[in-house]
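Next come the structures, one after another.
Each of the two complexes below includes subunit A, the first together with subunit B, the second together with subunit C.
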Partner chain A sequence: MNHYHSSFTEILRHATLIVGGLVIILPFYIMLSYSFKSPHEIESNTGGFFGKQEVMVDEYCVKLGNTRKDCETTPIKFNYGNAFKKAPLLRYLINGIIVTLSIFFIQVLVALPAAYALAKLRWWGRDLVFSMVLFGLLIPVHAIALPLYIMLAKVGLINTYAALIVPWTISVFGIFLMHQFFKTVPDDLVDAARLDGMSEFSIVWRVMLPTAIPALLAFAIFSVVAHWNDYFWPRIVITGNHDLFTPPLGLREFRGGADGSDWGPLMATATVIVTPLIVAFLLAQKKFIEGITLSGMK
Partner chain B sequence: MKKLLSTLALSLFASTAVNAVEKTEIEVGYPYSHLFNVTFERIMKDFKVKHPDINVKFRAVYEDYEDANNVILRESVSNNLPDVTMQGLNRQAILVEKGIAKSLEPFIAKEDDFEKEGYHQAMLDLSKFDKEVYGLPFSISLPVGYYNMDMMNKAGIKKMPETWDEVIGSCKALKKSGVKNPIFWGWNITGNWFMQAMLWSQDTPIIKDGDINIDNPAGLKAVSTMKQIFQECGMKNLSWKEALASFSAGEIGMMYWSTSALGAVERAKGDFEIKTHEFPGFDGAPKGLPAGGNAAMMVSTSTDPKRQEAAWKFIKFITSGEGAAAVAHTTGYMPPNKAANEIILSDFYKKNPNKETAVRQLPLLRDWIAYPGDKGLAVTQVIYDAMESIVVGDQDDMKALLKETAEEIKMLLPKKKVAAK
Partner chain C sequence: MPEATLSTVSRTSPSRNLMGKRPLFGQQHQTAAMWLSAPAIILMLVLLVIPILVAVFLSFTSYGLGGSMEWVGLENYKRIFSHSSYQKMLSSTLTYVLIVVPISTLLGLGAALLINSLRFGKDIYKTIYFLPVMASLLAMAIVWEFTLHPTIGVINDTLQQGCNSVFWYPFLSGEWYGNNPATSWYGESCNSNFPLWFGDKNYAIWTISFIGIWQSFGFNMMLYLAGLTSVQRELYNAAEMDGVNSAWSRFHLVTWPMLGPTTVFVITITMIRSFQIFDTVEAITHGGPAKSTYMMLYAIYEKSVQQNIIGLGSAITVLFLLMVMGLTVLQRWFIDRKVHYS
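And now, the complex of A and B:
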């Protein structure tokens, strides 16, 4: 009886998880499917997952004054070809990597010493500073976007990499996360290092940093995902130069309003953009979950 | 080291030699990449041949007209303006008010055959502020009627409706022949475009002397006709996206919408014949219609006359001759330029009669009026809400509705200065 009962709850649990999983996977399924299909198949919802891959005519190419014969192509070629040709996606991806890695690198540079000082050192005003860190967590970016923009404009940094990176270099979330983690590190370890004559800075980088790797990885995923996917901020500070676009900005090249979007190339671009993140997550999945459990963000 | 230096010097020298013809660089921004990328790609092919000394650098494409406006306002704060920008016709005023857009009069004055090149009064009026031209309209759209000819034929309608009474008559015929959804009338299009169309049809502007101008017989006729169309045709309250998709799928008999969607509708349509026809009027053809679309404005902060000249050449190139013709070739919009439409494009329109409908309406071109003051967007919403209340059938008394709406809008418009006695 007991056994029967537990297998029933087991089934129920799995069923719930499967439904939840489907809900999450479905948009990805549509994204991938659309990236293979021709515009007509997308509009009329035919062609199954892969589409029929029949020869189609690239209307854009016809409008440029070429003959229809010269503009024949297949849907996959059309979608992925446009993703890389019309929006220089490689350039955007490189920009995305430069920006997210720079942000993460500087965030760590700031967060580790700050978190160490807050967690392990005793100094006047420490509690006040820590509560300011907590308070910082409450401020949404959008509320301070305008003053930030004006400040950057005044120093002439609009339309530069710096505009994309500088506002994010101090992450209160990072400081908080590392603080919570450092509190679980025994004081004895720090004291031992001090007895061995290490300076506070080398304690941060040579003792605390190695112990904090799992937490850092978790933070890395939060930070990289947030800034890789960020649309709002790049959209505001990058107005002139295509060469500084990050991947999400590249997406909107295909977004249409009243006159229909280019769904195929749009979804192909989206697929290319999310792939690095998914691969990174799958590789670091174990560390990611460890990190979250370890750092006390339960 | 010496060798390195000399190679460096040599390469420097070589590069200056190549640049003997000095290029002037101008920067240009435009909206709606999915519509106009192809247009500018086509235009630039000819432009490079005709003006090899000008290098055009395109900025990141604006998402839509609101975004185009926002970006220019932001860029003027960060002192980073392009030289030329394409702005929605109803969004030009603010750039003129704030002194960002430059008057084009000095450049026009230097042109000899300006009128001969197809720039006519109605076109220039669209970008005229305080008697000065601040922009040249680039691509224009007007409301037209789209008809599913398979359904119309089945219902035995031989003549395309020319007045709203005939539209309602056609609705009834369509319904009788078994069409569930005979009509979509684009009341929800941006900027109260269709409300303004109904008023301009009676030669009435929605704003007159800085005040709202709807609580009058023309306004009453506009909203009562809307009510009749919605109720007697049994129009479903669809979002425009649904409506366009539904029309393309062959489920709607008649659709009233901007001509600019023609390309998308023809691409997506199922197996039936589409015809466009002139926008109906009250007694006969409309007396005017609001123009949608965008105009090229000069916002250059450069004091270099060469650069300004280059920007003017670019603006002129895209709004006349082959440049203007490219608009019709590549989009559902039309160029407002007379010469381009009548000479270069006459063959094209013969082959694409659906695109010609809007061109025939060109003499009706009127302002798409922007509501004055900081609360312009709120005014748009008030009128939108009033129309929605008619669509969903919440309102019966049209007179009361107009009065109420007009009063609400008066509070949002800037106070008029009391004239000195």
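And now, the complex of A and C:
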């Protein structure tokens, strides 16, 4: 009896979670599905998930003076082809990689030595600096975007890579996180390195860094995901120079000019932008969950 | 000197090792520490402290890039609290936060409890529910915009088809329990039109909030799942010995109090994040219709970057900062003294 009862509740739980899961999946399904379909299938909501992939004619290609025969294509090729042709999507993706990686490397370069000094050295001013770090944790960078924007405008850095990167170079959260981690590293390890004649500088990079790899990996995921997906800051400091667009900016620009026939390519662009992180997440779920919920330790 | 020789030396001379146990003193430590933390200190000053001072200063002026600067005192703040469009900004931001935070927290808790109690299939749900957290909110906002599109959107299309169905129409319009279908929400929509989810001021804030909840509750679920693993088995056993048998009292007496710190954290982080809503508003509604989705961060962007009214934007920035920082301080205070189960 009890057994049947618990199986029933188990089924009920699954049913509830499946309904919730469908709502979660819906936009992903739509995005992927539309990226495969022809404009006609999108407008009439037909063709199932994958579309019929019937041969269609690219009207824009005909306008360019090609014969209709030459302009025949399938919806999937049309959508993804246009995503990369009509907008320089590849350029946006490369920008995204440049910006996210630069941010992460500079954050580590700045935060790691500071965290070491705060956790392992005794010096005048340490408490003051640490309270500055704690104070910094209170401020979301997006909230001070306006003064940062003005300062960057004053030094003429608007519409440069630097503008995309500079405000994020200091991660007080990174300092705090590494500080907490370094606290757990035994002092003996540091002392032994000093005895070996290593300078404080090389202790940071050759002794502390290797011990901190797992924490750094989690921080890397945290940082890269946040900045790959960030839209607010790039929107503010990049005002029209397409060569500097990050993936979300590029997608937004595409959306701005999209008319009926562009929905397929628009969804293809969205798919291309969203896929890298989703795939990485599916491959290394534990690490990603750890990294993203890191802010949970603040 | 090469490392290898040095480490041999230290290993073979214990006396040095003993001396080395004591940390470096004075000048040496001081200089090294200053050098190591100098970049961080400078960047913190330039990128965190100075901007706040700049914002506070500019909020008392009528500054615009390339224009003149005049001291206007509290004028900008007065405008925010007296002008109807800024009052709408404050109220729609608060409305958004007050819709998203409780629902997203409860859904996160609910999903975590359900998943935690499953016998199989836990991981697949965790993965699915976490997907929106990973995806670019801007991209997904655009996808939602199409999903909820009045003519080609799947949602309205499906709802429309249900109007002619002998099963769905009575079901959704409430006819099956004796409601008059023509006066129900569904029946009326069938007769006229289904809502413009983003274009109707009665719906827009709810639709935007829905996207916010959709995107954020998987994150809360993960935090709750982590919190649940720290609730010890023994507590449940002890409770059972004390006669706690129903699932509800188990939750009420053991799980919920043990999740106190997690809940405080979930609520504050969701609040801080929902205060910062921007992507969905900028991409879809532009603050409209009738300013019903005019959020603070979007207002800062619109006033300052698009219209170059920086004094006013700075005043909004200062208010925004006070709110978010206040929340974080409150959170720390709560975690430190209130929710400690002992």
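FYI, the second predicted complex is superposed on the first by the 219 of 298 C-alpha atoms of A that agree within 3 Å, B and C clash if a C-alpha of one lies under 4 Å from a C-alpha of the other, contacts with A are read in each partner's own complex, and residues count from 1 in each chain.
In this section, contacts are C-beta pairs under 8 Å (C-beta built on N, C-alpha and C of every residue); 3 or more make two chains touch, one makes a residue touch a chain.
Predicted model only: the values in this text are computed from it and were never measured.
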For this session: Considering only the touch criterion stated at the top, classify A:194 as touching first (subunit B), second (subunit C), both, or neither.
Result: second
Problem set entry | First, second, both or neither for A:162, with subunit B first and subunit C second | neither
For this session: Classify the contacts of A:252 with the two partner chains as first (subunit B alone), second (subunit C alone), both, or neither.
Result: both
Exercise. When both complexes are superposed, which of subunit B and subunit C contacts more residues belonging to subunit A?
Worked result: C
For this session: Using the touch definition from the top, say if A:123 reaches subunit B (first), subunit C (second), both or neither.
Result: second
For this session: Name the contact category of A:150: first (subunit B only), second (subunit C only), both, or neither.
Result: both
For this session: Examine A:226 and indicate which partner it touches, taking first as subunit B and second as subunit C; both and neither are also allowed.
Result: neither
Exercise. Taking the superposition as given, does A:132 touch the first partner, subunit B, the second, subunit C, both, or neither?
Worked result: second
Exercise. Where does A:97 make contact in the superposed view: on subunit B (first), on subunit C (second), on both, or on neither?
Worked result: neither
For this session: Classify the contacts of A:28 with the two partner chains as first (subunit B alone), second (subunit C alone), both, or neither.
Result: second
Problem set entry | subunit B and subunit C contact sites that coincide on subunit A, given as residue numbers | 43, 149-150, 153, 236, 239, 252, 255
Exercise. Which subunit B residues qualify as touching subunit A in the complex?
Worked result: 27, 32-35, 37-38, 41-42, 58-61, 63-64, 71, 74-75, 77-80, 82, 240, 244-245, 248, 258, 260-261, 263-264, 267-268, 270, 329-330, 332
For this session: Sort out for me which residues of subunit A touch subunit B in the complex.
Result: 39-40, 43-44, 59-60, 63-65, 86, 149-150, 152-153, 156, 158-159, 236, 238-242, 245, 249, 252-262
For this session: Over in the complex, which subunit A residues touch subunit C? Could you list them?
Result: 10, 13-14, 16-17, 20-21, 23-28, 30-31, 34, 42-43, 45, 109-111, 113-114, 116-118, 121-126, 129, 132-133, 135-140, 142-151, 153, 166-167, 169-170, 172, 175, 187-188, 191-192, 194-201, 204, 225, 228-229, 231-232, 235-236, 239, 247-248, 251-252, 255, 263, 266-267, 270, 273-274, 277-278, 281-282, 285, 288-289, 292-293, 295-296, 298
For this session: Give every residue of subunit C touching subunit A within the complex, in rising order.
Result: 1, 3, 6-7, 10, 16-17, 20-21, 23-24, 29-30, 32-37, 39-41, 43-44, 47-52, 54-55, 58, 65, 107, 111, 114-115, 117-119, 121, 123, 125-140, 142-144, 146-147, 152, 154, 157, 214, 218-219, 222-223, 226, 265, 269, 272, 276, 278-279, 282-283, 297, 300-301, 304-305, 310, 313-314, 317, 320-321, 324-325, 328-329
